Amino acid sequence: MRASQKDFEDAMNQVKLLKKDPGNEVKLKLYALYKQATEGPCNVPKPGVFDLVNKAKWDAWSTLGNLPKDSARQNYVDLVSSLSSSPEPSSQVEPRADEKPAGYETLVVTSEDGITKIMFNRPTKKNAISTRMYEEIMLALKAASEDKSALTVLTGIGDYYCSGNDLTNFTDIPPGGVEEKAKSSHILLRNFVQCFIDFPKPLIAVVNGPAVGISVTLLGLFDAVYASDRATFHTPFSALGQSPEGCSSYTFPKIMGSAKATEMLVFGKKLTAGEACAQGLVTEVFPDSTFQREVWTRLKAYAKLPANTLRVSKNIIRSREREKLRAVNAEECITLEERWQSEDCMNAIMNFLSRKAKL
Amino acid sequence: MRASQKDFEDAMNQVKLLKKDPGNEVKLKLYALYKQATEGPCNVPKPGVFDLVNKAKWDAWSTLGNLPKDSARQNYVDLVSSLSSSPEPSSQVEPRADEKPAGYETLVVTSEDGITKIMFNRPTKKNAISTRMYEEIMLALKAASEDKSALTVLTGIGDYYCSGNDLTNFTDIPPGGVEEKAKSSHILLRNFVQCFIDFPKPLIAVVNGPAVGISVTLLGLFDAVYASDRATFHTPFSALGQSPEGCSSYTFPKIMGSAKATEMLVFGKKLTAGEACAQGLVTEVFPDSTFQREVWTRLKAYAKLPANTLRVSKNIIRSREREKLRAVNAEECITLEERWQSEDCMNAIMNFLSRKAKL
Amino acid sequence: MRASQKDFEDAMNQVKLLKKDPGNEVKLKLYALYKQATEGPCNVPKPGVFDLVNKAKWDAWSTLGNLPKDSARQNYVDLVSSLSSSPEPSSQVEPRADEKPAGYETLVVTSEDGITKIMFNRPTKKNAISTRMYEEIMLALKAASEDKSALTVLTGIGDYYCSGNDLTNFTDIPPGGVEEKAKSSHILLRNFVQCFIDFPKPLIAVVNGPAVGISVTLLGLFDAVYASDRATFHTPFSALGQSPEGCSSYTFPKIMGSAKATEMLVFGKKLTAGEACAQGLVTEVFPDSTFQREVWTRLKAYAKLPANTLRVSKNIIRSREREKLRAVNAEECITLEERWQSEDCMNAIMNFLSRKAKL
């Protein structure tokens, strides 16, 4: 049953009584859902680039696209309800044992119904990938490739799918300086991408929200990508003085043609879920309100197909390209190592981190 | 007096009007005499040992040694004359004469307005491809590649375009058992797909209704695909313990990206005509009510373009990939030979056939 | 006293402001002195004998032998100084100074806001590409590849983007006859397409109106393509007895799948801007009424991204394919040389020109 107007008004009152500031991210979301529920899709002109606050609000509202008013109302009520009941945000250093089996700090991994599910679990960091998280994902993929499940799924906990490489990784500069950091990052990245290239079973992304950077570029190595209509796909490499990775310099032009791929990878155009689907990066888009239910119903059905046949069929499609993809990965990482030491990149990261420090 | 060129042409026309299939033995002899009469002694390299059809034709032609052209012409005329007057062919097949010119049992083939039209003609079997039909399609493609038409079209008679491989093919197990059956099926399939890879003129599918299995996967080798909005595209390989063929493991990811290709080829998602068109597998979709009229109007216009230019342009697009496609075809067939002997596959086919037996 | 770095840079800026074309002889000398001043003695391999433009430049540079860098700088400054004060260039071309800087007869080239804009300027000929225009586009691309702009844009002045190869080029038959004409056209075309394959910065097409023939096929080599909804995309090669060029026999099937590519390239289907966008040939379509405003706003924003990063990212996407594309280009040109001498082609061009003569 959908939330009534009364539920909606109750929720609005509850917001005023919240004991803790829910943070800007959540407040923007509440703002957006309120506008969508009362006025429908965003109908005001985009604020100027320097009008930061209004720009953020406009973005939040626009992101909801054509979400129906009653879905927005329902989501608003659900979000407020979750805020009122959530006790304390759990620090990522203190994992609750029931949620993080196998000793993962940054992931939750489960396996049932023939599906191994690897969930990014740094929601307060928008699931940005820390150095530790890179390593844990590699371990989890290794384990999933050897377990009995038919399918392996990656998804995010919280609002984001994954916001990409955690730029604070770059602040942890070793005694060898930037050059050594660039070199070790190169090796980590290459090994990480390699795990996706070589993964032997159907690998599926359930993109529950915005995806940024490497979490986008890797999608070309997945066998199916299901997205909520709330998801966006953004690879702002050039603004950061960086260049594409995850084999995207090869897979994206192959999937969508170079005229579309360049706009994403070189000019940093952000795609909606619908656009990403039209261009073949995403298999299918679902309304956010029914996303989880529809996707898992479908995946459970697929997981009942004969597991060995699935593996054979995936590999007849993929194995032919593996050598090529390994070469692409190596080449992209060499270029990135160079980029990371460029002025363009250092300036961009410095700016990003100093802006962040001021907030 | 020796047969004149005119007698020879009359005899060729008479062959097309034969009311009964003269059988493969006679057809091979006609082929050989025709080649000898027009080109002289066999002058082409011997086909590979597994290229059965071409091997048989090559053998027949070679057998004629240095028989002079005019003797060959005379023998051809005599042989046709004997066929036309012979009471009953020894073949056990009983084709209806009006529907099956040129002796095809499972096809109707016509040629007019610059278009050779190969029609699947097992409507009561949803145009499922029997072993005989595989062979006849190969013969029809060979003939079409050598005739004067500008375009070659494949389409289905009845409600279906084609329901794919006839699973009852698997019940005809030879003395060598499943292993031998898998081996011979491998060879048949590889030769069949090869005919599509090598076809030298624009090859067009007119998909009048549902398409299943290999009739779908082959579409990546066609130069244009027009579909009725009643058509669907379904490759339920995994449920049958099988893996993709027809070069689809290569062509589909190239056409639609791997996120869409995997859902079809590995998870067996059925596509509507509109979806198949959006994903580039289909050139254009037409309402069923006007489908035939619109498509043939367009094709007749295309067939008026200079035939040799069409052939050259097709080949500059396609020839670059032929070697790759041959390797893909070989690889897919090796995998399938293995799959056909797997438990997954045998269980699935057993289930299918026993369900069918109960009906 | 020797010319300082500052004098040198001033001289470079002065060159851009020259009101009259100094002629190819002088431009080659400027090129050579610039290279010598910045890179020292000629250090690149000698271009092939048919690569006329690069050969001329290489010759000019090589001629300077071991001239020291600072002498080259001084000579450059002196030469520019003499040009700025010289009354009239000796060139027989009579460009209108206000519209045609740098002496282009068929183009207008500007450079501001980080964008070099190469505009086709034969609006009364629907911007058909004459032999001279092929050469000027090559020169303009060469210059753009070396200037400081971040992006290079091609667009058309007037109603058309570009109507393709000017068929009257075929009427200028040299003493060697059609065979010699076909041979020289082959070389011109190959060099022309090569410039697009090798272009090192993001290359963008702003398709303001109908595009025909080679102006369409080249789009697969652009990094982004923005189109007015008035634009159409038409490659009527078969009707002219010709075959696809501009690497389209490779890029188009890659971008849109062969079922869509063949209909364009072989059957000459004309696409609307919307269709071309759905098929990945076009990045985005805008209403004609706001086209120029929206596109340039976007491009100016993109041009603010770090120029070197853009160049690196373009090349990681493109460089991997360059060798392949060069081979495709060579192959397409060989086929076309043959086509141009075919009856199909000669008849078609004769018809076209005689129809034109009657108008």
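Chains here go by letter, A, B and C, matching the order in which they are written, and residues are numbered from 1 within each.
Convention: contacts are C-beta pairs under 8 Å (C-beta built on N, C-alpha and C of every residue); 3 or more make two chains touch, one makes a residue touch a chain.
No experiment lies behind these values; they were computed from the predicted model shown.
Peer 1: Answer with same or different: of all residue numbers used at the interface between chain B and chain C, are over half used by both copies?
Peer 2: Interface between chain B and chain C is built from largely different residues.
Peer 1: Let me check something: if the centre of a chain is the mean of its CA atoms, which chain is farthest from chain C?
Peer 2: B
Peer 1: Would you kindly tell me how far, in whole Å, the mean C-alpha position of chain C lies from that of chain A?
Peer 2: 40
Peer 1: Averaging only over C-alpha atoms, locate the centres of chain A and chain B and give their separation in whole Å.
Peer 2: Each chain reduced to its C-alpha mean, chain A and chain B end up 46 Å apart.
Peer 1: Which whole number of Å gives the spacing of the CA centres of chain B and chain C?
Peer 2: 45
Peer 1: Could you pull out the residues of chain A that touch at least 2 other chains?
Peer 2: Each of 254, 256, 278 in chain A touches at least two other chains.
Peer 1: Applying the document's contact rule, which stretches of chain B touch chain A when the two form their complex?
Peer 2: 237-239, 241-244, 249-250, 252-254, 256-263, 265-268, 278-279, 328, 331-332, 335, 339, 342, 344-345, 348
Peer 1: So in the complex, the part of chain A that touches chain B is made up of which residues?
Peer 2: Its residues touching chain B are 202, 219-220, 222-225, 251, 254-256, 278, 280-284, 302, 305-306, 308-310, 312-314, 316-318, 320.
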